[in-house]
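Following: one structure in structure tokens, then a few remarks.
Just so it is clear, A, B, C and D label the chains in written order, and each chain counts residues from 1 on its own.
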Amino acid sequence: MDRPVIDHRSVEFAELGKCCLEGMKSVFQTSHPVIIYPSSGTGAWEAALVNTLSTGDRVLAFNAGQFATQWMKVASNLGLQVEPIDGDWHYGVDAVRIGEHLTKDSAHETKAVMVVHNETSTGVTSDIAAVRRAIDAAQHPALLMVDTISSVGSIDYRHEEWGVDVTVGGSQKGLMLPPGLSFNAIGPKALEANKHSTLPKSYWRWDEMLMHNARGFFPYTPATNLLYGLREALAMLSEEGLPNVFKRHDRLAEATRCAVRAWGLELFARNPDQYSSVLTAVLMPDGFAETALREVVLKKFNMSLGAGLGKIAGRVFRIGHLGDFNELMLAGTLAGVEMGLELAGVPHNIGGVAAALEYLTEQHRLQSTL
Amino acid sequence: MDRPVIDHRSVEFAELGKCCLEGMKSVFQTSHPVIIYPSSGTGAWEAALVNTLSTGDRVLAFNAGQFATQWMKVASNLGLQVEPIDGDWHYGVDAVRIGEHLTKDSAHETKAVMVVHNETSTGVTSDIAAVRRAIDAAQHPALLMVDTISSVGSIDYRHEEWGVDVTVGGSQKGLMLPPGLSFNAIGPKALEANKHSTLPKSYWRWDEMLMHNARGFFPYTPATNLLYGLREALAMLSEEGLPNVFKRHDRLAEATRCAVRAWGLELFARNPDQYSSVLTAVLMPDGFAETALREVVLKKFNMSLGAGLGKIAGRVFRIGHLGDFNELMLAGTLAGVEMGLELAGVPHNIGGVAAALEYLTEQHRLQSTL
Amino acid sequence: MDRPVIDHRSVEFAELGKCCLEGMKSVFQTSHPVIIYPSSGTGAWEAALVNTLSTGDRVLAFNAGQFATQWMKVASNLGLQVEPIDGDWHYGVDAVRIGEHLTKDSAHETKAVMVVHNETSTGVTSDIAAVRRAIDAAQHPALLMVDTISSVGSIDYRHEEWGVDVTVGGSQKGLMLPPGLSFNAIGPKALEANKHSTLPKSYWRWDEMLMHNARGFFPYTPATNLLYGLREALAMLSEEGLPNVFKRHDRLAEATRCAVRAWGLELFARNPDQYSSVLTAVLMPDGFAETALREVVLKKFNMSLGAGLGKIAGRVFRIGHLGDFNELMLAGTLAGVEMGLELAGVPHNIGGVAAALEYLTEQHRLQSTL
Amino acid sequence: MDRPVIDHRSVEFAELGKCCLEGMKSVFQTSHPVIIYPSSGTGAWEAALVNTLSTGDRVLAFNAGQFATQWMKVASNLGLQVEPIDGDWHYGVDAVRIGEHLTKDSAHETKAVMVVHNETSTGVTSDIAAVRRAIDAAQHPALLMVDTISSVGSIDYRHEEWGVDVTVGGSQKGLMLPPGLSFNAIGPKALEANKHSTLPKSYWRWDEMLMHNARGFFPYTPATNLLYGLREALAMLSEEGLPNVFKRHDRLAEATRCAVRAWGLELFARNPDQYSSVLTAVLMPDGFAETALREVVLKKFNMSLGAGLGKIAGRVFRIGHLGDFNELMLAGTLAGVEMGLELAGVPHNIGGVAAALEYLTEQHRLQSTL
């Protein structure tokens, strides 16, 4: 990204723009348009709502983590009626409960269903295809909106195959960039809804974006330097191959869980089918605060662990293992946690790093045998 | 900016955040808060409106250029009633006409007055203090909102002394950064209006920003790498001294106009008191399109001249002279224009560069004598 | 060059090494080996001598500038007997005088002839092919050694066609890199001489370099980051095409001379066939020191002009126009000189920049007509 | 280092030059001059010899590793008579044997003693003060020359206190820079010897360097961009404090040895007083080649382990732990080795990483208690 800014009305820019817009389609696994905003991921949450809904519309939101909670707050801020389904944060989105709600809504007052694919606060990944099936089974026209800010480019996500109407993404996780770009992948039903949406909107307008994007341009000044970075990130993902990127994250995540089990600590996520491949949240033993642990790890080893967020603040710490990350970086990370647990006096068994290494070694041995 | 992204919840980040937030106050010449958004300048236009106004509110907008036109469109998009005063684009904002409008509005239905400080499409700078006086003379409570996207950090601008309520700025001109940051400088009356504003808002909310900014943080992920750049830009402006920065731009702008006069071409701006110090728009002779000129300059000399925008497309070209710019870069720029005029067959006299150099030499001689 | 250092024994490094070694052959226009040292150009001067000569050997050096003088000093430092031909610094190497010296040396005691292709201190380029013809006409076996530190990659130079035995080059001029790499292009006769050379040598040894270079490696730690830069510079030269690079320098140099003539100043170089295309040395009018001029240009316009060097210190200033340089950068440079002449009170006519622009415009017009 | 090259004759450059030259004195712990060459470390080996010795001089070299062997070859290449003491590579320099040799040399034909402080091929650090005492005890005037290319800035080294005459250093290890700078720290006796040295020299001449260095300049083009980097590296070392830097390396090295012992592998270095704090060489079990191990680690984990060099090629692998290195990077490194040993089928016990972490945790616990 360390390059001069070019004129965003030039032919050279149009090539960059087209390359990024096309590349993002492959990352979201869709043939429909993806929009790129010069904003944080929070902006793309807002964009998904203001482009499809009208003031006072009802939205159904499954609240299974802090980021779901925050997205709901965005919806409320924008004047939507948010109907929450309070989930157990140890688990992912419950498609059955969504289906029940929608079935009851025979008047089709619910206009959209908001779910988070990978909940960064809990380390739980939800089954999005199941949510789609539940909506369809209820024969309900609500739009399906999915937040993939922490999963896109790291965990398999299929916007089109899974029938998602709007997907929200960001640049600073799986795409390995600084924050400053956010995304909306848009399906045909959402584009149709856009025509009737009356929520006030200007910066986030899809229609103007799509009109300019068709020729590789943007309706207002884009974050050119981040687009250079995005082009490079897309090339890196393409070189490794998305399926390999996903497998790498799966492997590192399971190794992390091996370490947690060996420490005798408890994973926050309780359903193995829902374990996140990009981060792992770990419960602190009763009576021990995560703050002390994170402080000692930061001070002694210059490593930032994730804090507990929202209603589980103080009770969990989070280990990230996403983006441009490999086995040895994970070993360093887990070593920092293991030494930190000891120095902070948190009850645990030693051997977490060793367990992770044993798993990783075995995986590589199997690979070589194939 | 070429540095690793740091944790935006860390102590190290808070220092960066505070430094940028304080520094921006000095650039806007205000003691009141400045808000920094991870967005293009267009976002800060929207933020000024949604934080202070309510759906259906009437705003008075002085339209003297393409960027004024676009800001008006943002207001319309957001559901505001835009009352335009169509200005002559050759001139700046006419405070008298604004005063007349407001005097007639005895019911105080107009909630805000929107003006552009430096109109990038025309090279005209307006007298903001005069607009304030006109509003006051009309004893009208409308908020004064000013766009300084292309002037802040390059042309003297005094948010507090001039009584502006909301000032809109961006990172990519006078602050010498890539696009991706935008600003709202906020006065007390605007903060008061914020309490009663009902336009839906979330990403742009001042209240949450101010709450987090108090400790150097942001309510959602900031564009950390651009903040590094902003800190450096603020240090550069401070080292040179804002008054010296302004004088440098004044000098380079007058040199540019010397060149234009020597070429026998006409300045688009007609009132010398309103000449912009950051860019100069030049009228093409009748029958000659700017496109051919800009193409030859780009192809032969790899330099992008500004195109005519909006209703003066095809009739003017624009020479930028702002940011980290000096005498020799200006000489190169004017040389490109002079050679381009000749190669594109545009009728003109030679000697523009020579006239600019004569003026600059004289200025430096006077400086040395002092 | 802003990349991590890679292992200089790795396969990845070997590809980089081969790319640079091959690319440098095309720049020197030779099919024989080119050696790359991690050193300043001064080191490559030394390398040419210690690899081919023996203690006490006699070398004939044509002294027509400060860099020739310094290379002679290197030779003396190394214990060689330097036989100087004192040239008139206003002119290039006089092949006739070299021929006369060699003809008299019937015992063939002279082992090498040292000449500078482009003399940076005087702005004079010499006819290397003529020197070769003079040596051949004298039927003398002396090696021909040529310094191209300031010309390689900017002025047409043909190591093989012109029959040069050792060519010396550096990274920081025509190759547009920071200083830190230097080159020896080696012909077959020089390689043969290497076998019998007894001057002590280790760091500069060709034999070990060539042995390792064959596989893309180096006998000791190379300056890896500069090699990344070199690969990029070679790609840029190749994209523009060497003949076009040479023409661009010729054009910018003639424009500079147009300016000098218009100022009524005198070019230091007196033979038009020997005008340098990479820099122009200008005589100061009698009674005016270059120091004052250079100081005012540095202080007012932040531009460094070249000082007079060696025996012409104080009497000339030098304008560089090489590397990644274009019309508009030249216009800025000449503008700085023209304003500096005025501010420093140096007698001159105005209109230098204008004359340069007129010439450049005409050249571009002719190009377009073709 | 990512900055434009500045004029190396300017005032701005002189400040950079002085800062680097002074800073290097503190790193070598000397009040006498340090010289900075634009070259690889190999060049500084040559410089130490050509500046102090004359053709045919005898030098005594203690050969306890591959880099000692290579320095001896440089001396031979330069026409010196190298008298080797063949040491056992498992151990450091034997000061007693040096003393014996010098005592026998009553004619004082030996002009210099060459030893390596930290032998990168073996992971052995030698007692330099003991060598000085042995020379003094023999009442012998030979100069003491020491290679610190892999130790300077990482292991405690005291040029002045230990009575070293010439110390050789490089930029790419403890100074955390790319290769391209090398150093000679010079004592008074070496400066005196310089006056009588007759080996041919030019690029490496101390006298011209010192003359120009006095004002912050260099006699020929320096590697400016690396000097920027050096200034930054010196600031980093100064901020952490050299004693803390040394302790950090000691701690990481002992942790590495804990891992090696837990694996049941043998350290190449046999005397605990001589264990290197910057790298650890490990013996392969009989019948197992290091090549296979290094290949699997490179392929699977993208990590380069050091190969066995010289006469121990194939029998050892080397783990580096120097420069800008911390606990978690070491954990990652050791994890790569442990998994590599398993995947390559090298007989070993598991638990190396765990042993290293246990040691590091204990060290940090003790620190906290203090």
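As a working rule, a contact is a pair of C-beta atoms (placed from the backbone, for glycine too) under 8 Å apart; a residue touches a chain by one contact, two chains touch by 3 or more.
All figures in this text were calculated on a predicted structure; none of them were measured in a lab.
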item: From chain A, the most remote chain by mean C-alpha position; value: C
item: Gap in Å, rounded to a whole number, between the CA centres of chain B and chain A; value: 36
item: Chain centre separation (chain A, chain D; CA means) in Å; value: 47
item: CA centroid of chain B to CA centroid of chain D, Å; value: 56
item: Touching two or more other chains - residues of chain B; value: 2
item: Touching pairs among all chains present in the structure; value: A-B, A-D, B-C, C-D
item: Contact set on chain B toward chain C in their complex; value: 2, 300-303, 326-336, 338-339, 342-343, 350-351, 353-354, 357-358, 360-361, 364-365, 368
item: Partner chain C, residues of chain D touching it in the complex; value: 1-2, 5, 7-10, 37-43, 45-46, 50, 55, 73-74, 77-79, 170, 172, 178-180, 199-203, 205, 220-226, 304, 307
